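Heads up, the next two complexes both have chain A, just with different partners, chain B and then chain C.
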Partner chain A sequence: MISIIKSRWILWKKHWLANSLFLFLPVVATIITMTLFTNIQEDSKVPIAIVKKEDSPMADSLYEAAADLPYIRLFNLSEKEALIKLERHELDSVFVIDSGFAEKIKSGARNRLITGYSNHGSFAYTPIKEMLVSYVQTLTAQAKTYYTVDQMAGGKWTWEEVTEKISDIQTEQQLLETTFHLNSIAGNATNEERNRNLWEIWGYFMFISIFFLFDWQIKEKKTAILSRYAMMKYSYQQYVFFHTAVYTFMFVSICLLSAAMFHMLYEEKITFSLLWSMVMYTITLSLAASILSAVYRSVYVYYWTVLLISGVYLITSGVIIPTDGIVSAYPVISLVHPVYPLVQEKYFHPLVILFLGLFLVTQRKQKYF
Partner chain B sequence: MGKQLLLFLQLDGKNIKRKWRSLPLLFLFPVLFTLLSAILIAFLIHPQEKNRITVGLIDHDDTPETEGIVRLFAQSEEMNSLFRIKEMSESEAEQLMEQGEISAYIILPKDFTANLYEGKSAVLPVIGNPNKQMESHLIYEIVESIARHIRSSQANILTIHHFASELGKNEEKLQDLLFQQFTDFVFYTLSSGQVIHEKTANNEATSSPMNYFSIGGLFIIYTSWLWLVYLYLYREIDEPLVQRMRLYGVTKLSFLLSRMIWSLFIAISWTGILFIPLHLLLDFELGMIDFLKIFVIYFLHGLLFLCCICIIEIVFSQEKVQLFLQLITFVVISLFSGAIIPAIYFPIWLQELASYSFSYEAFYWVREIVFYGRKFVSFLCLLCMTIGGNIILFGISSWKERLQS
Partner chain C sequence: MMLIVEKLSKSYGKNMIFDNLSFNVHPGEIVGLVGENGAGKSTLLSILAMVQKADAGTITLNHQCYQTDKKELRRQIGFVPQDLAIWEQLSVKENMQFFAQLSWVKKDMAELKELCLQMQLEKWDEPVKSLSGGMKRKLNIAISLIHDPHLLLLDEPTAGIDLKSRTEIGRYLKQLASQGKMIIYTSHDMDELRSLCDRVLCIGKDPFYKNIFHESPIPFLAIPD
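Moving on to the complex of A and B:
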């Protein structure tokens, strides 16, 4: 075993840069991607235009309320300009505060106070519409309250007094609150605050790293080298077996390194079930990579195949397109795709058994050239 | 140089003829890949009826008012399109949650209504299923937005209560008044949609997302074909042969150029094949001259993209490093073009960065021609970038050549 590690070390030193690049890829690339992700997510804003057809404090307050929303980049344009931009897909949606807005509210009317323009590509139209409607609704509800009070008391209190009282109540009294927590009985509570995205991204880069580094099996299968295995004290099968073990061990230590790094950077809780599923994931992929690389004779075609598989892997792993819906509809996917047991922290992994079996079978079938 | 290039072009042509059987696979892969993504996105947008998320509702208070609130939940637009609400007891909810049948449940606690009226703190707890966290959070968001409506109604009702008691109404009458106000406000909230007058601003053909994403999808498919065919034409040449070729004055660039030309040719003709049915299906009004312009844009974009790919191959000697960097380049260039996510949704700094990329420029003009019927197209920027890219490619390759010899 020691001789195997020694010889591997000599080989590694020759291409140390490329090799260590891929070895540490899961840690480095995950951190880079996460930083980019969070930066882009924080700065991503939906462009919206609000057209003010009248200049009243009420219209201004509605505009201010929309400007305070975190996910919106607000433009104040003329109606014509805004609609042209909307048609050219430079804006997501346009809202027009119609003239007579404040007048209408004060008189107790509430129909068609604002006009909302959307097109088929407006992703953010509905949530923003809901927000604006709920804001206008608070204004019209105030008017409604005023008229109810007015009816009871017959003009004893003015508009200002009533609206002031409402805002007093809103700030002073304890109004309805909502709380949210996860049920601790169903499911294990440990993965409560897991950052799912982090582990999905890590899983992808681990995939790339493991499969790209398993190219040794193809490189060491060249005809020029094959004849030399006869002189070795190990048979070719043993050679491949030991090396797969050494590589797997190396990737497992990368797992531990990643866990430690993510604990420091993102305060991920390190639990036994997490480490276990990470290690299982790594073993699954190492076995799969060993099987796949045994099939190929050209390194380039192998890389190529890995890239294609990694593309399918990426799309179906839920990093780019959330796949919760399709996975709960077809739970088979979570059995076939290695990333789901990792994310769900399952203890048992049917794929490991499958690949282990395949690995042993292909090992026996490997001809001694 | 020209003679060598011709030779390699012939060689690669023969090579393609020999391996033609795998070409359809290359053709299909990006198309299937795009279809797979489209299916996944369709699943995301239109959740199946049978997996509509179920939400439990537990009513401990059981007053006419809480029934109003239940109705408020049931008729909420967001709630309705995604969720199904079921009334149940707490033990039932616990059990269903363990079986994974419900994603969350909402509890209306005892004395909920009384607390609401008196301005004491009334709490609406939402309990999520730890196995369905994303859905649970979504439900909480919606409950929070409904609670916002209730809060504003509550403040108004309390105000009315305040003024009514100042007028000296007796307790029983007050209670009646409050209840009446409450139901009033529930209906008032339910009909809040009237506030907005909704219009759609577009002509169907130019702004349906289907059209946008099929043109965008084609652009990405074209780019991936370029890369895939380029990789497909790779041939392993061992070092002694390279040495011998160098003695005859053959540079690495000439066989890279031959690969570039072949991949451009194949990718563009495939795109043409795919573009014709798409054009008939989506019914754009494009004349012959527009096709020519789009062809030129695609050509320049392809040339620039292959330049980047080539430069990576020249600079880095390890194949896996090359491939990985090419993958990153491909992803970045595709994202920057705005064909996957429209660029207006990027953060400003990213928008500015993307606008310097050739893929953004190319896709911008394609969009202008296809969607807005632009007649004038400025190729100047793309042309300059292409010339610049080629100069860099030639420069780097001759520098590398000199370094090796």
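Moving on to the complex of A and C:
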């Protein structure tokens, strides 16, 4: 095996730059795509400013609640600055938390707690206003509870103790709701969505990387050189078999590297089932690429075939257009498309059995001499 | 130790190339294989090199039979194909290294270089692309010799190369023969055949070749019917 690796190295290093580019493509291109993806998302967020004229925990909590909204980008500016930017249409809308905010809530007042500014171009003004108002209502409800509790308990508990207790209860309830939500509409939570995207993109680039690097089998299938294998230690079949193994091993290393990188960058949880799925996916594609490249004699015809297949792969994979509808109508797609067992972290990949069988059969059938 | 070919036949479909061909080759002997274009010289050599199979007949080398002892025989045969079987993108050194890795015999860099030098192939680090035709031919031979084969089959090793390289290759083949190797090689050059070969094997249907070699001082090895 050492001699196989050495012989591979001699051929590999001649085109080390292009080879390495293709080898590391799944890691590099996935990170680039993900960055572009999140940047586009960031750019498409609506810019909003919240001006805090008061520095109280209650004002902060309102600000935090707004910052947690998914489709807005929040700025903390001075009132003057914010209004100038609103004028220039650099901001969609501006909300000012007036001074005395906390006091007014504690005393049960509801008027003029927040001032909202919008101009004719604003389209997020109303929904955000609604959200802020409902949050303020939660705060005033908490205030009411406090005074009721306070009266009943005779002033033993502080404001903070009561509100903390209330928000603890609320968090618990929210957690329950979230869990329920996840189970009922699986995969719709934002976190889950992103995860799926990442692995679909990685799967696609892995496909490109594996199939394009397997052109070695076509390049090394020169008739004159083939005749040498009749007198060498390895027959041509063994040569192809071992080099397919070397390439597969290389791609599996890229799997591990990808997993480590995505764990560091995107805090992906690396589980055994994920690693298993990645490795199975890689082996499936390596075998498929080995079988396909064994058929071709011209690299260019092979490249075009691979591009064509990669187009079909991309369309049916769900990366560009959502395919949930198509897949539930034709469940066979999730069986013949290698990316589905990958993103669903299935232990059983039906294709790997098929390709392994096919690989062994073609290996035995191919008589070069 | 000896190569024995008995009643060998080969045809491509209806096109019969040779039939009932029998001959022997002894150690230390250089046998020239001659015949017109398309006579079947390359076909015969590739059968002897186990690249192709014969339709009928038996071949034994060193008492080992081609049908049953394939694995053992692979080590003992060196074959230089008519077309260059080398990597154009690699250097001479890398070509030697590559094929040495896949070879039976482990040879270190010094030994590989020595093998090239014996054939006056000095351009060790040069990429094959930029070598002359003669140099490429020499490399093509050197690669086939890495595993020290007993039987060396060369298909037009000297075609299209200059007189000097041709002489150098010839001298090297003589040296190998003197070490006890069996050599069969094809050529279309009469002078070369005269100076190198101990015997000549003439195949093909054209009587022209048979007539020439009947008159030549080189003894005949076999004449198919």
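Everything that follows uses one rule, which is that the second predicted complex is superposed on the first by the 219 of 369 C-alpha atoms of A that agree within 3 Å, B and C clash if a C-alpha of one lies under 4 Å from a C-alpha of the other, contacts with A are read in each partner's own complex, and residues count from 1 in each chain.
As a working rule, contacts are C-beta pairs under 8 Å (C-beta built on N, C-alpha and C of every residue); 3 or more make two chains touch, one makes a residue touch a chain.
Just so it is clear, the structure is predicted and the values come from calculations on it, not from any experiment.
A count of residues in chain A touched by chain B and by chain C gives the higher number to B.
Of the two partner chains, chain C is the only one touched by A:10; chain B is not.
Looking at the shared chain after the overlay, A:292 reaches neither chain B nor chain C. When both complexes are overlaid on chain A, the residue A:222 reaches chain C alone and has no touch with chain B.
In the superposition on chain A, contact of A:255 is made with neither chain B nor chain C.
In the superposed model, A:210 makes contact with neither chain B nor chain C. Residues of chain C touching chain A in their complex: 46, 49-53, 74-75, 77-79, 81, 83-87, 89-90, 94, 97-99, 101-104, 143-144, 147, 149. Contact residues of chain A toward chain C in the complex are 3-4, 6-7, 10-11, 14, 222-225, 227-234, 239, 369. Within the complex, the chain A residues that touch chain B are 15, 18, 21-22, 39-40, 42-47, 73, 83, 86-92, 94, 110-121, 123, 126, 129-130, 132-134, 136-138, 140-142, 144-145, 148-149, 152-153, 156-157, 162, 165-166, 169-170, 173-189, 191-192, 196, 208, 212, 215, 298-300, 303-304, 307-308, 311-312, 315-316, 320-326, 328-329. Residues of chain B that touch chain A in their complex: 29, 33, 36-37, 40-41, 43-44, 47-48, 50-51, 77-78, 94, 97-98, 100, 116, 119-137, 140, 143-145, 147-156, 158-160, 162-164, 167, 181, 185, 188-189, 192-203, 206-209, 212, 231, 234, 236, 318-321, 323-324, 327, 342, 344-350, 372.
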